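Following are the structures in question.
Shared chain: chain A. Partners: chain B in the first complex, chain C in the second.
What follows is the complex of A and B.
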């Protein structure tokens, strides 16, 4: 089977000399739900943003559905990006617009400048957006302004917007890091179920190991910009968790994670 | 046991006192040089009041038809220059603001250009432009537009730079083009601020267009100046009163609109 996404030896050095990624390689196959875990600053966000070129990698190749994304021109990049949904830690909604307007933004990648600027979304797009909002349980809030929603609702709008793109790959950058535990569970449920139902592959960065263990079909552990673990959730042992999370000042966090893991299993 | 005051800082700041002394001394010295005389300021009060009450008041209501046209001119000039200025400023600000600039070079040049326009007052622009365009409304309009562009480019740029960059990131991630990024991610976030600055600029322009009328920019300023020169102070008083009413009305209106959109 051919991978839907193939990341090879990707490196990213920021202008200030920070090595965010030091050569990361992995393949993602259709239907996988991959959790990327690692402590803050390990390179998770950079890695996800390299995939859709929100950040240009310094070196390495990223192939999405047979196209090398770092080599294409602007127009082709738009076509690639519209097939990759993205969900953000801080939701990145436009607060002053309504829920349905935010969801329809997911269609912008398919529209000409003229149609986009004058909000000329097709009838089909509009009803599709409505149906997506039904799926995430927000059909009653479609005309509410995004800033009137709770955190969990905002993230569900975020999921709906990504889903409106009709993506084949979903990138989620710490989708539940700003939410309380109960809401986190609900949002992860929605994300997981939708990706399963629509056969969307997903790469989700998380820092809660328990969530990674609960949902992921595969876990990738990153430390200092390098992959230190790549395997099935059941292969993730305590000593590997120790390795992934930096020693010393994160000691407490690490113990917490072991505990969570013990509960989760 | 501890009866002393707990100090709020580790050490008493000597700099505060030095600062106060410097400001005080500077005021005294500059006051002396510019021959500012406190007693004189009080001494002239009766004369000023006398002048206002006998010459200016009551305002001559019968003068209204004489300046009605020029008052409207002043208002029109303010509106046209504000709208034109806002349009130009929006384009310049989008080119200049960090999240939307196509190239950093635009940033530096537009910033410098706007600052040049801004730091020369509209009054001075009128005086500069009168020899080229002659006395009249055209000069006044040009001066107001130049001033508005200078001010609003800066305000708009700052408003655009204050928006949440997450929205822009999201627009790029869904595959939106540069224009759709502006339309979907940038404008919805900053339009209230832009409208608010434009209304503020309208207030400024109504005041400024009165002043520049006095140096040949058309509008009611010219009427005020000429009546004063003819010693018809009651006519001037009526015109000044009318300007004040217009300014208050616009302020009231813009305050209400701003509160509603924010």
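What follows is the complex of A and C.
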């Protein structure tokens, strides 16, 4: 089986000399639901943003469905991006616009500049957006302004916007890091179910090991810009969690993570 | 720890800074006073004289030229309206090129530098230049107002654009939206109220400006004022001043009612993010 996404030896050095990624390689296959775990500053966000070129990697190759994304021109990049949905920690909705307007932004990649600017979404796109909102349980809120929603609702709109793109790959950058535990569970349920139903591969960066263990079909652990673990959830042992997260100082955090794991398994 | 004695609530550095600032202001004040050699010449006689002018302007107002004055007032308003609409429209588009977060650095710096240079020349000077080139009349007035207000609005609008959350731009880009679409859907919505408020503020300023542009020969109600003052016809000048006051005041009241207030929208924006 050919991978849908192939990341090879990707490095990213920021202008200030920070090494965010020091050579990361992995393949993603269709239907995988991959969780990327690692502490803050380990390079999770940079990695996800390199995949759809929101950040240009310094070195390495990223091949999405047979196309090298770092080599394409602007027009082709749009075509690649519209096939990769993205969900953000801070939702990144346009606050002053309505829910359905936000969802329809997912269609912009398929439209001309003129049609995009003047909101000339097709009837089909509009109905499609409505159906997607039904799937995330927000069909009653379509005309609410995005800034009037709760955090969990906002993230569901975020999922809906990504889904409107009709993506074959979903990138989620800490989708539940700003939510309370109960809402987090609900949002992860939506994300997981939708990716399963629509056969969308997903790469989700997570802070919480318990959520990674519950949903992921595969877990990648990152530390200091390097992959230190790549395998099935059940292969993730306590000592590996230690290695990914803590540098021997924070005993409390370490124990907390082990406890989470014990509860999850 | 020693619990007696006083605890200062500002640092030593701040205290020194404030003291220096205060002394500096005082020095500047007396220096300027000395430089201008201002003194209270003439005593009460001059005060009474000034009062008598005011009395002539306000109590013996001469309304006989009302048609000319009102026509000139309309001209002033039209100058301000034209200059504001043209400059705001152009500034809106240019501000996207001038905003550092959505434009190339070279382009952004260039736009900002040009705007800063244009802004450094006051409106009256711009108008004087155009009057010299194009002759008397409202057209150089429109041009003069346009230049300064364009440069001012480019700065104001591009600052609003720079305050837009990075996440908005990121999210739109990630959907495959083009640059223009990203601007229209991710950047324009959050800055709409700021753009309208800045334009309204600038219109108030342009209106005030357009009523004195006549002094340098650019038409409008300022011309009437300058003509009447020149021949010490304070009775007629009084009426012109009244009209100028009503013009500015009514616009300010109108915008206040419409809640077009720059301060308010800035506060609102920062609370959102």
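The rule is simple: the second predicted complex is superposed on the first by the 261 of 265 C-alpha atoms of A that agree within 3 Å, B and C clash if a C-alpha of one lies under 4 Å from a C-alpha of the other, contacts with A are read in each partner's own complex, and residues count from 1 in each chain.
Just so we're on the same page, contacts are C-beta pairs under 8 Å (C-beta built on N, C-alpha and C of every residue); 3 or more make two chains touch, one makes a residue touch a chain.
It should be emphasised that the depicted structure is a prediction, and the values quoted were computed from it without experimental measurement.
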{"item": "Combined model on chain A: chain C and chain B, fit or clash", "value": "clash"}
{"item": "Contacts of A:147 with chain B and chain C, given as first, second, both or neither", "value": "second"}
{"item": "First (chain B), second (chain C), both or neither touched by A:184", "value": "neither"}
{"item": "Chain B versus chain C as contact partner of A:201, first or second or both or neither", "value": "neither"}
{"item": "First, second, both or neither for A:97, with chain B first and chain C second", "value": "both"}
{"item": "Partner chain(s) touched by A:6 [first = chain B, second = chain C, both, neither]", "value": "neither"}
{"item": "Contacts on chain A seen with chain B and repeated with chain C across the two complexes", "value": "52, 54, 78-82, 84, 86, 88, 90-97, 105-106, 108-111, 113, 116-117, 161-162, 165"}
{"item": "Of chain A, residues touching chain B in the complex", "value": "52, 54, 77-82, 84, 86, 88, 90-97, 105-111, 113, 116-117, 161-162, 165"}
{"item": "Residues of chain C defined as touching chain A within the complex", "value": "165, 167-168, 170-178, 180-181, 184-186, 189-190, 192, 272"}
{"item": "In the complex, chain A residues that touch chain C", "value": "52, 54, 78-86, 88, 90-97, 105-106, 108-111, 113, 116-117, 147, 161-162, 165"}
{"item": "Residues of chain B touching chain A in the complex", "value": "164, 166-167, 169-177, 179-180, 183-185, 188-189, 191-192"}
